[in-house]
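A, B and C label the chains in the order they appear, each numbered from 1.
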Amino acid sequence: MDRTQLMTSISADWESFSKLEIAEKLPYFTRNEKIYDCLFAQQLDRGRLEHLFRTADALRKMTKTREGMNIANSLLSHKRAMLYFVQPSTRTFLSFLNACHILGIKTSEIRDTTTSSEVKGETPEDAVRTFSSYVDMIIMRHPAPGFVEKTAWLMNRTDRPVPIINGGSGKDQHPTQALLDAYTLYKSFDGEIDGKTIAMVGDLKRGRTVRSLSYLMKNYKGVKLAFVSPKQFRMENDILEFLRRHNIPFIETEDFGSVMGEADAIYMTRIQDEHDKAGESKAVDYSPFYFKKEHLGAIKKDCVILHPLPRRFEIDPAVDEDRRAIYWRQERNGMWVRAALMAHIFGVDSAIAHE
Amino acid sequence: MDRTQLMTSISADWESFSKLEIAEKLPYFTRNEKIYDCLFAQQLDRGRLEHLFRTADALRKMTKTREGMNIANSLLSHKRAMLYFVQPSTRTFLSFLNACHILGIKTSEIRDTTTSSEVKGETPEDAVRTFSSYVDMIIMRHPAPGFVEKTAWLMNRTDRPVPIINGGSGKDQHPTQALLDAYTLYKSFDGEIDGKTIAMVGDLKRGRTVRSLSYLMKNYKGVKLAFVSPKQFRMENDILEFLRRHNIPFIETEDFGSVMGEADAIYMTRIQDEHDKAGESKAVDYSPFYFKKEHLGAIKKDCVILHPLPRRFEIDPAVDEDRRAIYWRQERNGMWVRAALMAHIFGVDSAIAHE
Amino acid sequence: MDRTQLMTSISADWESFSKLEIAEKLPYFTRNEKIYDCLFAQQLDRGRLEHLFRTADALRKMTKTREGMNIANSLLSHKRAMLYFVQPSTRTFLSFLNACHILGIKTSEIRDTTTSSEVKGETPEDAVRTFSSYVDMIIMRHPAPGFVEKTAWLMNRTDRPVPIINGGSGKDQHPTQALLDAYTLYKSFDGEIDGKTIAMVGDLKRGRTVRSLSYLMKNYKGVKLAFVSPKQFRMENDILEFLRRHNIPFIETEDFGSVMGEADAIYMTRIQDEHDKAGESKAVDYSPFYFKKEHLGAIKKDCVILHPLPRRFEIDPAVDEDRRAIYWRQERNGMWVRAALMAHIFGVDSAIAHE
């Protein structure tokens, strides 16, 4: 079925559409073989990932000079974006905002629905459609699972759709986080993710980032995964099944020390106690899943340490000064690869010269 | 009396000035025969309206190309505006903000007086004067009737006045809403508002938009108005008197169906229950004043349906897909005609080529 | 000790570093003999002050034409700044924001830590480092004394430092307020602060601005100070000692009238009752420290009246219309001299032609 058929058939009814498999939905959010709405990590196949990574690299190189920055600033200076972030998230918000600024996109913000006319009894769908009428793109973070997708679906049915980028939707999807994590691996390994061993450590059950990153690994060859977590917070079965289906080898362990020496990358995560139902995090000794200063001697000399941030105690601040601790660079990578994504959506990626 | 005389006489005393008729005040807010402070719908006579409409049209045409958008972006890139919105209003705020961005105006925001130094015991007048010292224009929305006007009056007495645009002042004035509504009619009727029949439906008593729009109709010839409302929320007498005085024919009815087939435009409004004094809205059956999907068959084939938004139940969302439902376009019209107004105030409207 | 030595020795330990004398710390926040981090009024010696004043003057002159404003707007259009203001301060915030806009700097804001990921258990230091990763400069206002300095110290130890400007740090330092006050005197006296008599009036004990301004007076020759305050709120001894050490003559009095006729500048201040511990402000009759309309006849014909704003009752609004009341101009001076400071930090001050 091509896009037009999709739009005229399934798309007429959200209930039916929402129940489709993600793969079936993708054509609806794609135009001219480019991402139009960026909603799911599943939209990021290897070709697209590498294209976005090379675009991000080229953009960074280009902007090292003031002249290049001025060119970047003009690429999308004729566009306006809305950052609709009704779920608290300073770092993702700022990352997207500054990515917009790099490309010259002008920005408006909604960060709190209580000042919004939603208080006058308007539906969220009407509010979003109104806001969309002023801008050329919406970057959206919303606590309700599926809300961002529904917005994109709705917008595509109007006579003036604008691209929607998912900046985090409930617990289900946060595709640009996956994108930045993969980009960080790509840069750390000089473009060669194939064949690497990646340890993911901590609360794997409730961490959205490790789930998405595991998923993205199907794009690479010979990657091995090590899941290190307390038994209460093991990686969920749906991901393990997915890995088996794609022949991606993995191990599960509670013994961090046993995998430290093997890993090319260690992806640390925070305990997600905001998702506790009845204080279950308190019953867990999380300290075996901390990365301490003394561990620096136990890991490979080129092993990189990632963290989606914010952190609490799971990485000792003394580790920050080691050159293998790259979590702040990871933050910056997010800004650049988000800028690359926006350049792609608006078709100005070709104006960013690749090497 | 010319402006200078006005300034040196009446203007020295706010109490006296505020009691003048609006027509008497207008010279004080006008410079070089252009609007300087935009405070009242009464400033919008037919000549000005049409000039602003043509400017808005030209600006939209110009910005359809990237080159044209870049020119628009540079028109007022040397100016800075303050959006002082201490009354919640996301849509009007965003409309003005993006209008600024189209013209390249740099923006600052005040959206909450509690973070302001007003908490340190400063008067609102001092606060506004301080804020004005950083910028070239203030767009102001304020809950207190007359506050925006008083600000403009005060600023004009200083040695560094800046233009003030009223973005909604208490229940009395919201001139740019009237401007956008009239612009929407203008565009819908290919520039010919004369002779049209316009139905206004809903809570006419407390809706600011229908009051202002009725007022503006004096600028056109042969317009007929139909006021459709529950008897509790009929249009107020001051407007009816105004219409009689200007020989604008109108009817009042509770029977929506009786006027549907005649109207060239139907302006729907929400029940304004936030203005209830004692829950009076609950006593009213508002459903006869809903526009339902089945009504689409009863209206003229070129009849347009407007709504100032936000809506609740008074227009069935199924109506949205009909090409005669133009309320989202109405929103966009607001952004463009506000940009035209700012271009006019700063005298760059001449740089926007009219056809 | 040069900067590199400082960084490798003392800088490794915040506890030791924080206890140094300010003079000893300065090299750490200086690069290429320019201010890198602007943290202390002590960084503003006479040479720097006059350079910044001349830069501010040149920038204002340059931006009087639209062409000049466009040049100014492009000076730092390749830079992004973060305004991290977690202590309420609308006027300082707006002053910096618009200073950024004048130079074309793109801005992000943090104004409320409750929407920040700090709620997820992150340390403030981590939060700031994350935010710094998106931008080229941080302008910071924070309620905790020393926090801004610690941030600058931390950033300088990373491989990607960005300049930090102190926008007010607890009760201790607010260097750009001192800068703008001195700039206002400079402009009022046609560049000649030497030899002038300056009265400071009001709550001198708890007013940060009068303390910093007194300090800066060591840069000028033959200045005389008159401190006029209720006996409960006299200038603190540390400042009086400082003045004695630098042979700056001063008097202290409760009799405002006795100094009015002598002063070349009168710096009025508000009672700082937000710093009350037990309602002590209520026990003070502050009215002898008001500047009233009738005082206009008692002061020199060229005496200027300053106030850091916001004011309450200490200056009668009727005084505002006198040309010697320059507190609104003082506000504007703040914006311009802050822009000059940023131009200096980024080394584009040379592109702003001095007369």
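FYI, contacts are C-beta pairs under 8 Å (C-beta built on N, C-alpha and C of every residue); 3 or more make two chains touch, one makes a residue touch a chain.
Predicted model only: the values in this text are computed from it and were never measured.
Visitor: Would you mind working out whether chain A and chain B touch using mostly the same residue numbers, over half shared, or mostly different ones?
Guide: Since fewer than half of the residue numbers are used by both chains, the interface counts as different.
Visitor: Compute the rotation angle for the C-alpha superposition of chain B onto chain C, expressed as a multiple of 5 degrees.
Guide: 120
Visitor: How big is the gap, in whole Å, between where the Cα atoms of chain A centre and where those of chain B centre?
Guide: Each chain reduced to its C-alpha mean, chain A and chain B end up 41 Å apart.
Visitor: Any chance you could list the residues of chain A touching two or more other chains?
Guide: Nothing qualifies.
Visitor: Hey, which residues of chain C end up touching chain B in the complex?
Guide: Of all residues in chain C, those touching chain B are 63, 66, 69-70, 73, 88-91, 94-95, 97-98, 101-102, 111-112, 270, 274, 309-312, 317, 321, 328-329, 331-332, 335.
Visitor: State the interface residues of chain B toward chain C in the complex, per the touch definition above.
Guide: Answer in residue numbers: 74, 77-78, 80, 82, 106, 108, 110, 114-122, 125-127, 129-131, 133-135, 157-158, 160.
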